[in-house]
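Here it is: the structure, laid out below.
Chain nomenclature is as follows: A, B, C, D, E and F, assigned in order of appearance, with residue numbering initiated at 1 for each chain independently.
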Amino acid sequence: MNNKVVTFGEIMLRLAPNGYLRFNQVDQFQATYGGGEANVAVSLANYGVDAEFVTKLPAHEIGQAAINDLRRYGVETKHIARGGERIGIYFLEKGASQRPSKVIYDRNHSAIMEATTADFNWDEIFEGATWFHFTGITPALGDNAAAICLEACKAAKAKGIKVSCDLNYRKKLWTREKAGQVMAGLMEYVDVCIANEEDAADVFGIHAANTDVTKGEVNHDGYKDVAKQLKDRFGFEYVAITLRESISASDNNWAAMLYNGEDYFFSKKYAVRIVDRVGGGDSFGGGLIYSLVNNYEPQAAIEFAVAASCLKHTIEGDFNRVSVAEVQSLAGGDGSGRVQR
Amino acid sequence: MNNKVVTFGEIMLRLAPNGYLRFNQVDQFQATYGGGEANVAVSLANYGVDAEFVTKLPAHEIGQAAINDLRRYGVETKHIARGGERIGIYFLEKGASQRPSKVIYDRNHSAIMEATTADFNWDEIFEGATWFHFTGITPALGDNAAAICLEACKAAKAKGIKVSCDLNYRKKLWTREKAGQVMAGLMEYVDVCIANEEDAADVFGIHAANTDVTKGEVNHDGYKDVAKQLKDRFGFEYVAITLRESISASDNNWAAMLYNGEDYFFSKKYAVRIVDRVGGGDSFGGGLIYSLVNNYEPQAAIEFAVAASCLKHTIEGDFNRVSVAEVQSLAGGDGSGRVQR
Amino acid sequence: MNNKVVTFGEIMLRLAPNGYLRFNQVDQFQATYGGGEANVAVSLANYGVDAEFVTKLPAHEIGQAAINDLRRYGVETKHIARGGERIGIYFLEKGASQRPSKVIYDRNHSAIMEATTADFNWDEIFEGATWFHFTGITPALGDNAAAICLEACKAAKAKGIKVSCDLNYRKKLWTREKAGQVMAGLMEYVDVCIANEEDAADVFGIHAANTDVTKGEVNHDGYKDVAKQLKDRFGFEYVAITLRESISASDNNWAAMLYNGEDYFFSKKYAVRIVDRVGGGDSFGGGLIYSLVNNYEPQAAIEFAVAASCLKHTIEGDFNRVSVAEVQSLAGGDGSGRVQR
Amino acid sequence: MNNKVVTFGEIMLRLAPNGYLRFNQVDQFQATYGGGEANVAVSLANYGVDAEFVTKLPAHEIGQAAINDLRRYGVETKHIARGGERIGIYFLEKGASQRPSKVIYDRNHSAIMEATTADFNWDEIFEGATWFHFTGITPALGDNAAAICLEACKAAKAKGIKVSCDLNYRKKLWTREKAGQVMAGLMEYVDVCIANEEDAADVFGIHAANTDVTKGEVNHDGYKDVAKQLKDRFGFEYVAITLRESISASDNNWAAMLYNGEDYFFSKKYAVRIVDRVGGGDSFGGGLIYSLVNNYEPQAAIEFAVAASCLKHTIEGDFNRVSVAEVQSLAGGDGSGRVQR
Amino acid sequence: MNNKVVTFGEIMLRLAPNGYLRFNQVDQFQATYGGGEANVAVSLANYGVDAEFVTKLPAHEIGQAAINDLRRYGVETKHIARGGERIGIYFLEKGASQRPSKVIYDRNHSAIMEATTADFNWDEIFEGATWFHFTGITPALGDNAAAICLEACKAAKAKGIKVSCDLNYRKKLWTREKAGQVMAGLMEYVDVCIANEEDAADVFGIHAANTDVTKGEVNHDGYKDVAKQLKDRFGFEYVAITLRESISASDNNWAAMLYNGEDYFFSKKYAVRIVDRVGGGDSFGGGLIYSLVNNYEPQAAIEFAVAASCLKHTIEGDFNRVSVAEVQSLAGGDGSGRVQR
Amino acid sequence: MNNKVVTFGEIMLRLAPNGYLRFNQVDQFQATYGGGEANVAVSLANYGVDAEFVTKLPAHEIGQAAINDLRRYGVETKHIARGGERIGIYFLEKGASQRPSKVIYDRNHSAIMEATTADFNWDEIFEGATWFHFTGITPALGDNAAAICLEACKAAKAKGIKVSCDLNYRKKLWTREKAGQVMAGLMEYVDVCIANEEDAADVFGIHAANTDVTKGEVNHDGYKDVAKQLKDRFGFEYVAITLRESISASDNNWAAMLYNGEDYFFSKKYAVRIVDRVGGGDSFGGGLIYSLVNNYEPQAAIEFAVAASCLKHTIEGDFNRVSVAEVQSLAGGDGSGRVQR
């Protein structure tokens, strides 16, 4: 049986100066499109999975351009509601060395922010679907968006569809209190929980027990403890935690851990020279969902997800444009970067 | 005595595909800044006039970039209020031949739209000023903006500052009824009224008497009649009307008329191959204000204003980047385009 | 009932210097994709018609990029065969004024040229289709391609699908003799024949009777005669002939005629300032098919088709990126090019 | 016998904003190379003539880049002296419609301006040469440059090499008095004199007799008279005069006349949509020399030269990148600009 | 009381190939503006300090573009003299890994090089100023420039304005002997002396005592000794020395030391991945002046200056476009480069 | 006596996305030219050696553009045969970090692939030549190409011209068996053999004796053994082996060894941050030939060759655009990357 994965959330117009130029140096912006759940859908489409992205976009040409970009990568867009006032925008200035990347959001009043549950018929959308994915950004867009999320989760459960969620806490969108309350209500429908090293603390106040999370192996124990607490509280099937070490805006170490309720599977760690870091977490989610819907063993699953997201850091734009073969080659050990002729 | 001209309104980020590409063909946008009153301020600064632009802009780097662009051309920006959520944006797709240019506005919720009268101290702003200019776009931004305009007009009058207004009716911002009512309240403070061939009808319901405005000389009579009605109703010192003939998106004819309450002064007509048509009307306003603050005779004034705006059509971006010498050369008859070595 | 149009042919990588630069001046090429039947499919998809393009493309990333570009505009690509050695390429240098545009073909040995009838299952492809379109370029690609065309035509007829063909004679691909022979064999399946002023003569040796086709009204009679001869010989339902007057590489006049076996319908003539002339004929085909599948009256049909292709001349790339509303606005008389705000 | 043409003068780095942007709008300049005599050499090399360009350039990489650009088009560069302080630069802002192109020279102190006769061994340079060309710009560079020109002319005459000169008066480089005096001294070595409609008056005070040069046929008589006076005074074999009508920076009419001492041969007149007008006169010189060294009849010669330079106006950069076949096609009457497939 | 800092020197047009392309590979140059003292002024303006830059620039549009670029960043330009022949130019090719960056100067005969003391009225310029800064490049431009520097220094001292100087020895502009003599004459007016590891030796023959300056801690002693000798000889209030370790064109280590006559304050050392190294020293000067006019403690001052210049290495162009908050964040320890959302 | 080096092989059009963009993300390709032997010719021309490149290219403008690019760098092109159907193309996607660069070849049916021995007159081509160079790619193009290579080798030997060959095994062009057989036949004419760490095994089945080539000094022994076996089998004068350690697509270590039949000379090892890795091996060949024709001592020769190719990794495009002075500076120890002012 084919897998069909539906993701739901916001896709934004991303405006970025070329290269390492600063915002106030430029008279050109790169114009691409991206957003947590859209990025996951593109990842999956690139892996050959039937992937559909659901959102609401204005009827004008810029809204259409976002749809066109999704279609280009093979993402199904037929249930995207059209209407509303504007598409969310984010401005991205790429950092280098000690200078961090900078994101300015201009996403308020976007079509998806002002959408209502009436815009989406989940029974129809989930026709034939086997997996549903969203991130913590979507319910953070407002009460309407949270309500739509909840409806989608319920519809998914009713149809026996697996649900994954990347906690993805964004402090500019809501407070920790609000996040904790809303997200807790959604977690009961979630089977696979993805988080980075801070999300569990920010959203649910879950900290690693009896250890100050600082360095080395201690860290591993801390992450295990966080994963276990998440599992214990919400009953997830899987908890995945990404482990980023930010050396500078140019160099990061990147790894992750998968917990299946019994064992903890740690991936290899990659030393990455960064081309574009945005979407790194989403590409991990895309890789993880791919490996889970294809029934990879836990160690293979986490290696695939981390290799996929390692590669994303070398690719411009939010979307991870890599194939299964490319991910498997890296996961299988070839990170030498030798020319493929 | 030096002249100092203050203009007030919105400046937006303008995002445009390169060349003649369509919105959904591109992954780069040209990023420049513009807006009716800002464009006038830049024109005047380029002519050596002390020009100041007043608005409200968000505190972030994109807001700063708009300010930097104004400063680059020598416009004073010190009274620009900082704060609010976002800078207005407009997307511009350049037309060619039979394909019209297309503008998508994304300006709602901008800092200036949500500004209040408390953001501006007009007594301080008008210190040393001799002229104030705004357009019909600004009061159309909302009741707050209209209230600020009114305060500015009153403050200007109280200080003996001349006031000019370009009617600039925008149907997406308000209805004709609302426009007519609000603008009428402002007109009593206005000395110089600028309009295109449709504004007087749209805003004030003023149509040319006993003639169907169609072609040739009849047109001239129609415009005279409209100017006279405007003058009679509001007591303007000058009424200027621009006369555009749109042959296609690539070719326009361009001329204007100035009425000083006694005589009607028609300019030469230019056949223009268009490079960038946006800001054409504003460059006329800038040229007219320049010639009036320098006490040009009416015929010379209208010739300067039309030559200035003719040149604007050959320049990329909203701003008219021409010097007094360049305008005078064209107004004086040299439109041969021979290389200036 | 929805219409579904299938087109079949070659899509090539188009490599073009930017602006008006010559081939040997540049170190960048614009890389887009296009080809007669693919261009028609994109036109139709932009008009909201279900459009599918069928071809064969190599399995590598450049072949995929061609598919992605089609998908971006909503064209169905699921029956595109993958395999073969290469994608056809054409180099395009844009002309200006007296300097003509220049095309260098590098299309030999392309995947579609070396495809066989085994690559396509027309019964499956035509599932639900109502219209099939190809051009004279496809059978000119070689005997295999001609055989596939013939199979497709037969399958279409068997299913009651309308068939249209743009004669599109290309002297670099085959001789007039070969063209005449092969095309005659295909014409019996064709309902709608599209040609420019030279195709009928080049392919079928059909010339206007008793007149030297030169200027003005005489021309009209000549075109009528050619259309009638085509109809009489092959029994087409419609014959459409495009009328291009090449003033220079920058300026063309553009019009067309439609013959329904009874009357001759001449469109308006447009004076076009050219942005990109390549794909002009295909956009006419796309417009004509759209209007015919939507049962436009003949005069309305030819006006729509000509307005659509007039607009194409203002758009970069082979594909015509315009909407029904835009075409109708021009066909309805608004060629003023005034800014659409 | 093969022809070998030597040209001598200055080649400059040309810095130009992209498109129609103004100098103070840009953060990129197009960097190409050009200069009157270098342009002629490139024209000839493109026509398959052995062409050599002689100048002096600094030893650094920018000097080398100028040489590389000449080599790219097949111009021999082996006698270019290396040394001196700098390469001359000119900034070019492209005009459009009523806005003229603008040139800012930054050429003082260039290597060629400060070169001396010791830098060039004309006996060696002229080995095998059959033609020598220079323009009035070169002696205008200073007394040293004028002295080198004189030495070159003498050496050419001594070897029986034909000499051509384009008067090319540049008022920023010298006064009319100085020009008249220096150029008169060089003219005795010149066989073919090229001038535009003003050069003869500026340099030699030669005006059309008994006529105010204004319009139409009168003009023709005026040009004839000027050519005859030039011939009578200096004994030229040929006098060629280019006839430019500047309608605007976007549109020019272009034609020329050739006088062989007996008859006056007027070319066709071309209405040109300008892509890049700089180098237009030089491309005429290149075309004329080509046709004369190939012994074209006078009418054919002037048609070739004018068609060549007509095409130059459609090509970016100083250099005329066209082939003999392209020029002949236009001279032969095909200015339709139809796509060459 | 507000601080106002005046800097004086040359601003040049900087022409650089894009990315890592070499000079003879390109047909585009990035065109920006920069120069030691201009760079310092921009740094300070970005920090909110009233900063004014004084120089002489030609009256033409390229001169104006340099001024516009300064204004864009808020630098006061009203005392820039206009006139002279040309703006200095430098060509910059960016290095990578083992290939060094290369600079070709074309700065002779620039307006500022040929300016005289009559061009500047320092009493007027220094109205309200609290600090004056220049570098060793300016007096190296020639005797006139040195005389202007001296006048400026004397005027500054007479008004109680602090004076800082970055020694900045440039061997292409003058000999060590000449530099030593002229600079010594200026040092008596200088309060704050900035130097890199070689300047003191090149200009004043001051070497570290009894040690071969090679590695590690020894180095620190050497720098201390040089700073002390400078202080002892010229009585500076502060001596700052930058410590660059060039690993390759892509990687440098960067640190500095400040000596206040009593103690030696060493900054943190940053390992920098270089985006653009030019202007690195000037950004240190800008940071140091900022921290001193704001009365930072010595350790905080040197940390701010080094963090500021560390960030400059990640920014394209001569100018350091960073805010006080960004510098403080890095100086305070956050060099992780994590995305700022 | 001057040296003249002739190289023979294929030059291809290289199409590469800008920066690190992937193939299916772009609508622009960088268009440059390159190929093993052409790259060597350009290296040598840049070093001042008379270098000629021989191939066959189609007569059209893209073929001409390849020639123009060679001429630009001073390579003699007069014996390039013109004709055939197409120029080979390769698509290059630049990798970064763990993502490898990817090459898609579209070189079949190229003019040089379909050339025959009749296209080249080696007696004439080798007039005055002292060195002939080819790579294993050329005979791999097909039997015709191998036959031309053989003819060239014989002609070279007959004239006492030294012959060098870079083994350069390409598995997509031929099998190991075929390669081994054809190459063995050519080796008898070869004096200098260049190989990387895998070529000897791939082509001739030569592996390092009694050691698993893994790390450190063992490696050195392995390479020595391979070199000795090559020498013993074919009697080469020199065997050079390049030693690349691929850490990632961004970072490589680079070194080489030269064996003169007596001693083994190992170069320094460079840690390279890669700008463009393609052509790295060819630049080694170019450096080696330069040092051998100039009779460098073996250690100096291998240091020059490795420094040359180290620099190539920092340069965009296939061609190594460096001077002798630049290579010598690095070979002499200055890899600090300090700005050269």
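The definition used in the following text is that contacts are C-beta pairs under 8 Å (C-beta built on N, C-alpha and C of every residue); 3 or more make two chains touch, one makes a residue touch a chain.
Values in this document were obtained by computation on a predicted structure and should not be read as measured data.
Engineer: Would you kindly state whether over half or under half of the residue numbers at the chain C/chain D interface are used by both copies, giving same or different?
Structural biologist: On the two sides of the chain D and chain C interface, the residue numbers are mostly different, under half being shared.
Engineer: Tell me which of D-F, B-D or C-F has the interface of A-E again, with more than half the contact pairs shared?
Structural biologist: Interface equivalent to A-E, from the options D-F, B-D or C-F: B-D.
Engineer: Measuring from the mean C-alpha position of chain C to the mean C-alpha position of chain E, what distance in angstrom results?
Structural biologist: Roughly 62 Å, centre to centre.
Engineer: If you average the Cα atoms of chain B and of chain C to get two centres, how far apart are those centres in Å?
Structural biologist: That gives a centre separation of 44 Å.
Engineer: At least two other chains touched by the same residue of chain C: list those residues.
Structural biologist: Where chain C meets two or more other chains at a single residue, that happens at 19, 22, 24, 27, 68, 102.
Engineer: Which residues, counting only chain E, touch chain B once they are in their complex?
Structural biologist: Contacts found on chain E: 68-69, 71-74.
Engineer: Applying the document's contact rule, which stretches of chain C touch chain B when the two form their complex?
Structural biologist: Residue positions touching the partner: 19, 270, 272-275, 307, 310-311, 313-317, 321-322, 326, 330, 334-341.
Engineer: Any idea which chain D residues touch chain E in the complex?
Structural biologist: Per the stated touch rule, the residues are 15, 22-24, 26-32, 60-62, 64-65, 68, 85-87, 89, 91, 93, 102, 104, 106, 108-109.
Engineer: If we count contacts the way the header does, which residues on chain D are in touch with chain B in the complex?
Structural biologist: Chain D reaches chain B through residues 19-22, 24-25, 95-103, 105, 170-172, 246-251, 277-278.
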